[in-house]
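Two complexes, one shared chain (chain A), two partners (chain B, chain C).
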Partner chain A sequence: MVRPLAALVAIVAATLAVAGLTFSTSSRDPAEFTFVNAAEPETLDPAHMTGHPEFRIAIEIFEGLTRRDARTLRPVPGVAHTWVNSDDGLRWTFQLRDDARWSNGKPVTAHDFVYSWLRLLDPKTGAKYAYLLGGLRGAADFDGDTSGGFGIDRGVYALDDRTLVVELEAPIPYFLELTSFFSTFPVPRESVEAHGRGWFLPETIVGNGPFVLQSWRVGDRIRLSPNPEYWDLDAVALRSIDVLAIENPTTALNLYLTGAVDWLPSLYPVELADILRERDDFYSGASMIVYFYRLNTTRPPLDDPRVRRALGLAIDRREITEEVMRLGQLPAHTLVPPGMPGYSAPQSGFGFDVPRAQALLAEAGFPGGAGMREIGILYNTHEDHKKIAEVIADQLRRNLGVHVEAYNQEWQSYLASVDAQDYDIARAGWIGDYMDPNTFLDMFVTDGGNNRTGWSDPAFDALIAAAGNSARAGRAPQALLELAPEPAALLQRLVKLDAAGNPSARRDALAHFRLELLHQAESLLVNRGYPVIPIYFYVSSGLVNPSVEGFYSELEFPDGSSGANLQDLHPLRDVRMRAGAR
Partner chain B sequence: MRAAGPASAGPWRQAWERLRHSNSAALGACLLAAIVAACALLPPALGLDPMITDPAARNLPPSVDYPFGRDALGRDVMARVLAGGRTSLLIGLAATASSVLIGVLVGALAGFYGGRVDEVLMRFVDFLYGVPYMFLVILVMLLFSDTARGDPLPVFLALGLVQWLTMARIVRGQVLALRGAEYVTAARALGASDSAILAHHVLPNTLGPIIVYATLTVPTVIILESFLSFLGLGVSLSWGELVAEGVAVINPLRSTWWLLFWPAGFLATTLLALNFLGDGLRDALDPRGPTPNGP
Partner chain C sequence: MGLVEILVLATACGALALTVWLPQRAVRAVAGLWLAAALFVGMRAWLGPWPAAGLGATLAAAGALRLPERLLRRIAFALPSLVLLTFVTTLLMYLAPGNPFANERAAPPEVEQALRAQYGVPESATAFFAIYVQRLALEGTLGPAIKVQGRAVEDLLLPALPVSLSLGLLALLLAVAIGVVLGVRAGLRPGSAEDLSNMGLALLGISLPNFVIGALLIIVFALQLGWLPVAGWGGYPHLAMPVLTLALPYAAIIARLARGGTIEVMQQDFIRTARAKGLPERVVVMKHALRGAILPVVSFLGPAAAGIMTGSFVVETLFGIPGMGQWFVKGAINRDYSVVLGTALVYFSLITLFNLLVDLTLAWIDPRVRDEL
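Presenting the complex of A and B:
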């Protein structure tokens, strides 16, 4: 007979042993380099991702035709080792390197790029960023039908396994930058077709970047390890990277201060900005990022542009930049951040003007806010967004008498709500994908994947289209003449210049004309349509462990000059930890 | 001959006497009354507004003008704590009320009719017991709120819907015991209807345990709501949310302790007071408990 006490002791001991084993296997060694990524990535499929947290991982596990040099952020050879652009700027020919391989050992070929790009463009894929390749020849009417074989009638095709040809409708000044942007990264056809939407999970993902996805514990961390098949494996120094999904700034800061995290991009309690900025390991600099609110223009009362403008006029942005954020952020009344070469921002209809806002609101039928329903401000879970939303809610309440409620959702739900236009006002940030005003504007074309406001203006669409086709401005849509007389006048001048036939004068005029079109387009956003309310231009900032080498918070160019890391982008391929750091 | 002394007074009077002489219950009642009065009366009396921001006057420690200090956006912490108290107490009461309503109904039906009714209702209760309550609460909140916003209604509904389970079991047990009592049999013999027997003879005699359990449910609900708010799922501007905000500013570089101290202090005091009061009530309503000037 078993004694009850002995049996009990045995059961308890067995339970503890199992629990101990479970917990000891679930904890693991820290990675060599750990950073906080602010949110759990929505996806790791380059065609479907839209956010910066996803971008940070995508550049490590995939590689485009070009990649960004960490020191300059300029495109340098990636999968392609050389490329040629034709004299008319319409045809790009990329030579792919022989030793570029997927993490399963198979070669990365030009056909992979053709497949991936057509997949991005295919309406059935539903990629938000499909418009990014809209300038390819034949892209506009591409219906996803590739039955006739990939290509030659489209703007992207493979001459052979190692030669990729891209043909454009019109020269795109920033095209090379697009080839190192995540949407144009190659995806592994076999894996995508075999595993469907979940192909990017650790069990089935195949990548071609310097690192591979080793494991993904949702809500905790993503572990990256070097890709043994990577063509430039010798350059990869880090043996492992942990990407933490943490949304709480205090948790993130504590992890950094205790040495558990090596890089903390922008996620720290904003009240501590004054203490943190005194530290040697703190960096901050100008950025090409705008913080703005999307307005759902399909929902009353926000379907009235007067109401939208009134809300934007009643926000005191200076209070937010100087008293809440306090790192030198600039109040934004327009969408395109300052510093775009050759580009001047339009006058904005959004300057801080409370009487004007009240008058507009009264005109729209809500004098003193009376009769207007409660408006919700949706933000993704983040202390800063919460603070800003609460200050703005209070400003709108005090200045306009409008009832505003701020509420949050975590990143994935937030993206889903904004995509479905299930919001009144939604916080947004936009990082320039390339160094051109177009990246901040073309998303607002009618039904654009990143528009998400329901706003539509044919004149705006025409201006964006014309800017994309400026080389063939002579056949810009007739509609533009009626919709936007000013750029149309420019166009007349251009046609005359063209006739005069001075090539360099024509090129300059073209570039100028293109920026002028974009200027007019932005003017429609902030003077006529008001689908968004710009709040401020970001300062990119963060904390980085001093023993990290190859991390450039300030860019260093070959000519000795330096510049701000405008996109707040830090490729980790060349990052290494100074010896004895840990 | 008239019976002498309070020993012969009705059971309710006896209970009141016992309650009155319990120090902890009296302390709990006083604390609770003070907090409820402060939350209800002070904001309108002092013109406190928890939403007015003034970022230029952020993170000021407690002072004469702002006895609880100001938060990261320059809002008055006292105004926020009192407004949060209103929300938390209201949710505690509303959710408890809905749990009493459902719990008593289900428990009484199951206990009184027994048999198949009892079987079905109690297995349903067992089933709900088996489901993790947090999961249930979140599910109910998703069902009832189409916007996932900080509206209080879905939260208290959800909390009420999971809190009635224990209440139903308690009431069922009591009713089951009373069903066979002689006076119930007598009432039935006199032709009283089921509903009359339940309403006039059975339920009044289960009131003691119901009151006690309800008193203890209020703090449970408040802490549950705080927990939800702490996770970012609850109601906006409740003690739970304020505590969550307060915890967020505790860090090794500079802590604004007053953002955590006040809401946490009020929350803890309220829970303590309610538990004291509940304990006192349980002792007072226990029919086997000592009579105040008993033998």
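Presenting the complex of A and C:
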């Protein structure tokens, strides 16, 4: 038996040697700052990014015309050092700084932005977020060909290497914010054209952010190090950053608790919420995400708005936020999360009111739930969604006497079912792309790709269209006034608009008017149409090492006020570790 | 399913069935051809088309002439089954609801069209199959991954494979060591206290899911004692808990198989003979009984090795290991068709290889099997 034993030892030794070769070098030498990114980023090409894991890395390795200040998350000078918006709000002129350079040392010019934005808008690129720049003048007709002038002297163009001009169809109140959103970040033309689909891999990537991509091991970690060519390198404190692609909440928490991770956003077992929220290093705050149920308005009995409203009235959202989720989530009776600048939510027809719900149901022909078929609640397979669906099914059974059954489907099947409107009630979540109510409302226009409820209301469509085109809405569209639910309020606004004399007052009045239109649109959703039942507003929460400085889980504004970090966004440029932290 | 799909399925099944009945000469020719094709596709990326073709043809010819017929028959069987596997997997993927470009946010139809064209994912399964096979044969690539953009499927699987292979092999060796010792000792004295305790342990090992075992290990060794890192892949201490977690359920199964094998062998005439000629019990067990006792274990090891070495999604996510297992799960969840096919091909290759190794090992251990080869 000696020879087999020797063979065994040899096999074990060889295996250990192979294992040794596969170890990631970076985990032997921990980064100065490590965070868990919850998922492997799908891409690091700004034009193809869609999610938060990508956003977190994009702001470190690229920089847009503006960047977000860590303390306020408001746009501050990035590649552009100054900008001017014309009086009518339609033309933006950006002056780019002289010392903005790519990580290969070449200057970042206005032409780089023109190239990157045209690439985003080109249908052949297949960018899912191209619509964010859809408001540029002529963007709707752009098919990749600049012979029509778009990109040359229309829409977006370079006056010279340092001057970028952007023209809009209608004023976009959140336009400046878009210039620090990942989709509008510049991409290095040479690298993109030379290396094709994989240009952003560590071997070939060229960036212009405070950090560069040093290595990327899929399923393990991304290592970032300071970009020596960055124009504000002196401000960058961290010498290395590790971004972990850990998807298991327990593992993520274990890593944080043993000090291997400095920042853990949102990824920990929900069961531990009560214990974690007692910790000093735990943070939570409002976020720009809403949890809601879609109702299939084409299927009886849900085709009756009274039935839809009755279901929404019979749900006690506090039981869900306080007994299921328990992290300070806010019960939602409207769709747009709180915190949108200048926006106030409408009164909702969805407040918890069981007698009212029962009365409505009886009125619709189902007294005490009698005669109504069984209703299904579809959710995508996930422990939280399951708990919530079961609580709601139980509440509806108890409060209305209707038969409700919750059932799950795995993600892709769920997507296909919802898309085909093959459901009665379906769980949904929506993350706002920018700080504006429109990002939560415009999906419910008639036949909108994300509507998926079959609901349609011409008045709603008119309000959304008018809000998107508020520059012209100032000329009192009679049709809109006829459709609007509160024409008197609209008319009052219009009178004010006409009275506004100077350009900037008129621009402000227009912005208010636009928000008023959106307010009325949302009112149609939660007071007349009821195609969705809002459930709660998410909180963003996490754990952060107390030695980390420059990390703002609550925003601090110059006027001394504070606000929620709605996007849980933390630029690491200005983050530093307190001396002696490690 | 359309006519084309049915025709392709029928042809492939026919080709498979045929390999069993082919005469020896034909087997040599067909297997040689398959070998040449496989070698060409495999080496093309590294050597370029002409050297790959030359070397492939030479090696294949040598193989076709020298290798035993039984082995060649397997090779002749492998390629049609590979094609069949790819085709059926493609059909099933397309039958599943959803597609790799579906998202919570509906993209405009022209965006989906552009992406389908870029990634070579048409709306029909047969068209995808044609693109996939063509790309594999002519470019030697498993196609672009869609949810991990910028990389080909082999760029995802190749770095992950040695991680899972080494982890799996260590776990398997540990499982065999634990399982055979416990199982044989239990099988020598059925009904004894040791048998009951060993089989109790085995039952526990089979019934405890690995995320529970893993979690228990983490609590004890990483969080309480602080001996081992909780997760990650950067040094030998990172190996300990995942190897143990992977090994224990397999050790339990092996223990039960070894016990059954031992009980059966110990009742054989040749054991009585060995004892009658006065051999000490230790020698009877080690020299005569063990060989027979572990035969069921060895048969089990083929599929077990393929399973354990392609990684475990649960163990990998629990310990944060960049292995293969994640792609089996993520590929399917994301409907990332090329990733699904890539993992299926890797699994197919490993299981074919390990089954072959098992047959060779069985022949080495058991003379009765040797004669059949």
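Throughout what follows, the second predicted complex is superposed on the first by the 336 of 582 C-alpha atoms of A that agree within 3 Å, B and C clash if a C-alpha of one lies under 4 Å from a C-alpha of the other, contacts with A are read in each partner's own complex, and residues count from 1 in each chain.
Basically, contacts are C-beta pairs under 8 Å (C-beta built on N, C-alpha and C of every residue); 3 or more make two chains touch, one makes a residue touch a chain.
It should be emphasised that the depicted structure is a prediction, and the values quoted were computed from it without experimental measurement.
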item	value
Touched partner set for A:11, first chain B, second chain C, both or neither	second
Touched partner set for A:419, first chain B, second chain C, both or neither	second
Contacts of A:43 with chain B and chain C, given as first, second, both or neither	second
First (chain B), second (chain C), both or neither touched by A:217	second
Contacts of A:272 with chain B and chain C, given as first, second, both or neither	first
Touched partner set for A:393, first chain B, second chain C, both or neither	first
First (chain B), second (chain C), both or neither touched by A:246	second
Larger contact residue set on chain A - chain B or chain C	C
First, second, both or neither for A:257, with chain B first and chain C second	both
Touching both chain B and chain C, residues of chain A	248, 250, 254, 257, 413
Complex contacts: residues of chain C adjacent to chain A	96-99, 102-108, 110-115, 118, 144, 147-151, 156, 159-160, 162-163, 165-167, 169-170, 173, 215, 218, 222-223, 226, 229-236, 238-239, 286, 316-323, 326, 333-335
Residues of chain A defined as touching chain C within the complex	1, 8, 11-12, 15-16, 18-28, 40, 42-45, 48, 50, 123-128, 130-131, 197-201, 217-220, 244, 246-248, 250-251, 254-255, 257-258, 260, 410-413, 415-417, 419, 428-429, 449-450, 452
Interfacial residue positions of chain A with respect to chain B in the complex	248-250, 253-254, 257, 269-272, 275-276, 319-320, 323-324, 376, 381, 383, 387, 390-391, 393-395, 397-398, 405, 407-409, 413
Contacting residues of chain B [partner chain A, same complex]	51-53, 55-56, 58-59, 72-73, 147-150, 232, 236, 247-254, 256
